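Next come two complexes built around chain A: one with chain B, the other with chain C.
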Partner chain A sequence: MAAELKIVLQRVLIPVVMALVVGGIILLALGKDPLDYYGIVLQRSLLRSGGAQETVTRMAPLLLIAAGLIVAFRAGIWNLGGDGQFLLAAVASAALAPVLAADLPRALNLAVCMIVGALVGALWSVIPALLKARYGVNEIITTLMMSFLGTSLANVLIKLVLRDPDTTVPQTRSLGVDDRLPRLFGTTIHSGLVLAILAVILVHFMMTRTAFGLKLQVLGANRAAAVHAGLRVERLTIIAFALSAGFIGLAGAVEVLGVWGSVRADWNPALGLLVVPLVFLARFNGYAVIGITLFFSALTVGGESAARRVGVPQHYVLVLVALLLLFLALVEYRDQSRRKPSAAAT
Partner chain B sequence: MRALFTEPFLVSLLFGAVTAGLPLLLAGLGEQISEKAGVLNIGLEGMMLIGAYTGFLATYRTGSFWFGFLAGGVGGMSAALIVLLLCIRKGLNQIVIGIAITVGAEGLTSLLHFVQFSRSYPRLAAAPIFAVPAFSRIPVLGRGLFSHNPLVYLSWALVGLLTWVFRSTYLGLSLEAAGNKPAALDAAGVDVVRTRSFAVLCTGFLAGLGGAYMANVGAGLFVPFMTGGAGVIGIVLAMLARGRPLWVLIGAALFGASLAMTTALQVAGIDVPTDVVQMLPFAVVMLVLVIFARHSMLPSALGTPYVRGGR
Partner chain C sequence: MINATQAVQSTEAPRGFPIPVAALRRITKRFPGVVALDRVSLEFHAGEIHVLLGENGAGKSTLVSLLAGMQEPDEGEILIDGLPVSIDSPRHSMDLGIGAVFQRVSLVPSLTVIENLMLGGSWLRSLARGAALRRFDELSALLATRIDPDAPMSGLSLGEQQQVEIMRALWRDEKLLLLDEPTSMLTPQGVADLGRMMHRLKEKGVALILVTHKLLEAYEFGDRISVLRLGTVAGDIAPQRLQTMSEAERTETVIGLMFGAADPGAVPAQDHEDELAILLGGKLRRAGSVDRSKPAKLSARALVTMPDFAETPLHAVSFELWAGEVLGIAGVDGNGQKHLAEVLAGQRSLRQGRLELAGFDITRGRVPERRLRGIRYVTDDRLGEGTVGTFSVATNLVLKEIGASPFWRHGISDWPLIYQSAREQILRNDIRTPSELTPVGKLSGGNVQKVLLARELDAEANVAILNKPTYGLDLHNQRLALDRIVAAAARGVAVIVISTDLDELLEISDRVGVMFRGSLAGIVENDAAAGSKVRRLMTGSAAA
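Take a look at the complex of A and B:
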């Protein structure tokens, strides 16, 4: 156990420290004080209660998208169409929720809207899934195309069909604050977060501890082997796609029902692609994703405050994410090349 | 409908299609070289963005557009150097490093832009235009297609050059072998790592060049995140073209035309929601894929590092 802990610390802590140091050197080169910057980021994102609540709230959609990506990536399916799936689900639930709110009790309305969001997300993956399963068409192309299509379609729907006539900026009708996802214990954190954490843990359990998960992993490791093992590859591919896009759609619904209450035209947080590197950083591990999402969310929230205070743009956070990806990959490479000679000797 | 087919509308549509499509063409051709050699270059977007930044910086400081293009290409190549060192030589995961390059380029160029230009937002003078003699006097086509920056004609020539290189040169064969059967190339006495390294550096140069064109000629300024998915479209174009440069040109023209359509419609004074127009090229590509659904025929060793003697 102690040895395992040591390996984890070496593999995670060393890259994090290296990324922060190199990032700090970049800040120094630009004439900014890195310690001042990191201090403000830490204080504003985790140590103050308002900032900490914001940090945790922003984790909800990231975690749900991560859950979706873990299913797909472990099954060897590159679902890069998250943005379209997310936005269309967000628009669908935003259109439905204010209408149903008049007739349905709050809990039922929220549940219905979340299910609809997940279904719409899954629906947007059907064409890439079928093309991949039946004809082996590369899903990177198809999911990206569907994503661009979905983003534009969401805007068309808002501007032409679902537009709230009472607002000047095109947006959907707003869901009343009392009808949104309930907040937790008097904080600003909404209950979608609980759902998101459960989803990630559930996905991790499903992929590592169930027969179904094992089938998907076999599919991901070697498609030909999966065929030879008698797995129904076509069906598995379509199910993995639907699950993946369903979770991402759920993320869109939760973000609307928990935070915004409506969708404005041209709103696109582009989380679908943003979460991809985080999932890679976590090596497709559900528990690691929770930690990395917290780290990333804190950096974003703290970075936004620090941007105003220290004069470092908030996108500097992206430099840190990139450095972290590089150093994590390098440290893993060093471990592997060290282990190889000893394995050959035995 | 007749209002659509006036000369100003068609000229602005054609001119805009070429201007908007050129970065896609260059990046797509670059990605095609990498993919042929078996390297999936996900960092294309980042290479374009770095090229846009270094290209703009060079032209802004020196006033020379040619120097700016060169600097853009070199900027893109410097990002490709990371792929060369980590993915081709060390065999690290190409998707992870590619994402790192794109994310890092977004952050780094935003940071540098913020420090240098966020107060002034400088603009460049209009880029020099070379009107092709005789051709440029053809009505509509002349001003739409043959009155551009010289880089445009060079890029069109590159399509022909690459077709020839891929089809009938030793280099083209080596690239193809590095992507399909690297072990065979190695056995034939050609260095796989060197072939792939060359391919990736070409990709970086072309992507950076495309970014520099986007900043210097297309926009006349640099803004963070200005490539806005052009690199992603470049990757898709290269995958769809299956190793044929002409198809990258056709795809780039399609996407360029739909990007230009929105401005051209404004010129004609017609109010169509821009989002509907923007959906068109993606819908066309999906339709083509659904109708002609076939195996995408990518190089078989795409994305896998080559280890001599490995399985």
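Take a look at the complex of A and C:
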């Protein structure tokens, strides 16, 4: 256990420190004070109550998307169509929730809308899933294409069909604050977060402790071996797609039902691709995803204030994430090349 | 004047003191815990086929990898044309005129044959397809192969892929050609072709290094034989001496060198004899007694498969197999053996035909159902499909049981039980692995095969299909694999062994069938005349 802990620390802490140091050097080169920047990030994102609540709230959709991506990536499926799945699900639940709110009790309404969101997300993956399962069509291309279609369709739906006539900006009807996901313990954090954490842990359990998860992993690691072992490759592929897109759709629904209450036509947080590097940083491990999402969420929340105060672009946070990925890969590479000689014995 | 004479002597007097094409001087190579090569000195001459003989682990492969630039020696030096060089990469090795063919295929599966062959060229030059095709035809004629230059590599059988490997090594007309167990995949005809090709290359002045563990091949092709044992050169038989020795003397000498004549007690007598039998090309015959009066265990009627790209489909294959019987399937690689194995395993669907297991129709059953009924398949593509290389030995041992009790209850994995069972299997089957959690891809070929055999030849096995069960294994592991197959048959398992090594099939089979262009050209009883009958069938001539 101690040795394992040491490895984790080496593999995670070293890259994090290196990314922060190099990121700081870049800030210095831009003529900014890195300590000032990091100080503000830390203070705004975690040390202040409002900032901390914002940080944690933003984790909810990231975690749900991560849960979806873990399922897909472990099964060797590149679901890069998260944005379309997310937005369509968000629009569907945003359109449905205010209508149903009149008739259904709050809990039931929320449950129905979340299920609808997940189903809409899953539905948007059916075409890439069938193409992949039946004809082996590369899902990177099909999911990306479906994503473009999905974001455009969401936009069109809001402007033409679901538009709230009472607003000037095209958006769906707003769900009353009292009908949204309940807040936790008098904070601004909504209960969708609990759901998201549960989803990630559930997925982690599924992938590591169940026959179904192992089947998906075999499929992802060696498709030929999956065929050889008699796994139903087509069916597994379609289910993995549906689960993945379903979780991402759920993320869209939760974000609408917990935070926004409506969807504006120009709204697209583009989280689908943003979460991809985070999932890789976590090496598809559910618990690591929670930690990394927290770290990333804090960086974004704090980064927004810090960017304004210090005077760097808001997306500087992404530079840090990129550096983090780079150093993580380098540490991994060093480990691999160290291990190699022992494995090469005849 | 004196200098000039010396120069003339050294270049123009090959019989005197020729400069070897390649020379190793006191080469030492260590791996953690192993000294693979210990102060090895050898010389390789132009126009000579130099056979390196030895057991696996004797250091043959390491030696080859040093010359091929895959590894660098820890001590000692390599001389090419008398000049010391440090071969630091495969490219450097090729630049020095060294071409190598390895046991493992290393071609790009997604490219075609001709594209693979054109890969070696400089990337600045445009790809000269016409010239490449001419060279391809030339080499095809030399090797007597029938490979479509535009077929994708992934569609070729292992045997055909290896033929392309040989072509690639010969592509640049090398000065030194390394062949690491090149015959292990070839048919007798293919071996003869290879022999002729080697002879021609030798006449052209190429130095050839042939790594093998087959004694007969060493005699047949070798001008000089060096025997490696435990990382040292145990002995050397020079061409002059080799020519004057009788076959019995040669065998005596070589066996003495290989196994260490000094301590014959080190290897148990029986083992020793068995290994000798393999070395000499399979003189062991199994005295099988199969009761064919009972109904057949497995019967296949007119099996037909869909043609897959660049793969030979089955064309009306029918046979019956009885419990306790070993049916050998011989034939040149790529004549439909792969489809046959996959169809029986349930991995490939039939277009027509019927399969019955003990009278029960299993034509429609897929892998899981057939596995439940005791049908087992040991694939020849051990790392490609037989195992998941990055997964642990334990996981791979249960790869075909995922979701079944007792290791899964209501779909929940019982990892402690899986690990415990794996530890037992590892002990029982003598799988050499640091632990049950080690990724199976890190094990040696012999141990990967032990994992597969442990998984497939379990107590519930009824019918076992084994495709090239000894391919790429060393003598010891070949013996173990064959023993396990024979033991399974003795337990009453109906066994099909597909192999391109006819000697091996004649050793363990009750009957031998021959695949030719997707059909079963014939099945012969394994009697004294079986060898010649099978060879005739393999060439496609009329049934025996």
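Methods note: the second predicted complex is superposed on the first by the 342 of 346 C-alpha atoms of A that agree within 3 Å, B and C clash if a C-alpha of one lies under 4 Å from a C-alpha of the other, contacts with A are read in each partner's own complex, and residues count from 1 in each chain.
Rule of thumb we're sticking to: a contact is a pair of C-beta atoms (placed from the backbone, for glycine too) under 8 Å apart; a residue touches a chain by one contact, two chains touch by 3 or more.
Everything numeric here is computed off the predicted structure, so don't read it as measured data.
Of the two partner chains, chain B is the only one touched by A:I140; chain C is not. In the superposition on chain A, A:A221 contacts chain C only, with no contact to chain B. Contact with chain C, but none with chain B, is seen for A:G230 once the two complexes are overlaid on the shared chain.
Of the two partner chains, chain B is the only one that A:N155 touches; chain C does not reach it.
Touch criterion met: A:Y333 reaches chain B, while chain C stays clear of it. In the superposition on chain A, A:V321 makes contact with chain B only, while chain C stays out of contact range.
More residues of chain A lie in touch with B than with the remaining chain of the pair chain B and chain C.
Across the complex, chain A meets chain C through its residues 208-212, 214-215, 217-218, 221-222, 224-225, 227-231, 341-346.
Taken together, the chain A residues at the contact with chain B in this complex read 26, 30, 127, 131, 134-138, 140-142, 144-146, 148-149, 152-153, 155-156, 159-160, 276-277, 280, 312-313, 315-323, 325-326, 329-330, 333.
Within the complex formed with chain A, the chain C residues making contact are 31-34, 36, 56-57, 59, 61-62, 71, 345-347, 366-368, 370-371, 377, 379, 381, 384-391, 395, 399-400, 402-403, 408, 411-413, 415, 442, 444. Interface of chain B with chain A (complex): residues 82, 86, 90-93, 95-97, 99-101, 103-108, 110-111, 114-115, 118, 224, 229, 232, 235-236, 239-240, 273, 275-276, 278-279, 282-283, 285-286, 289-290, 293-296, 298.
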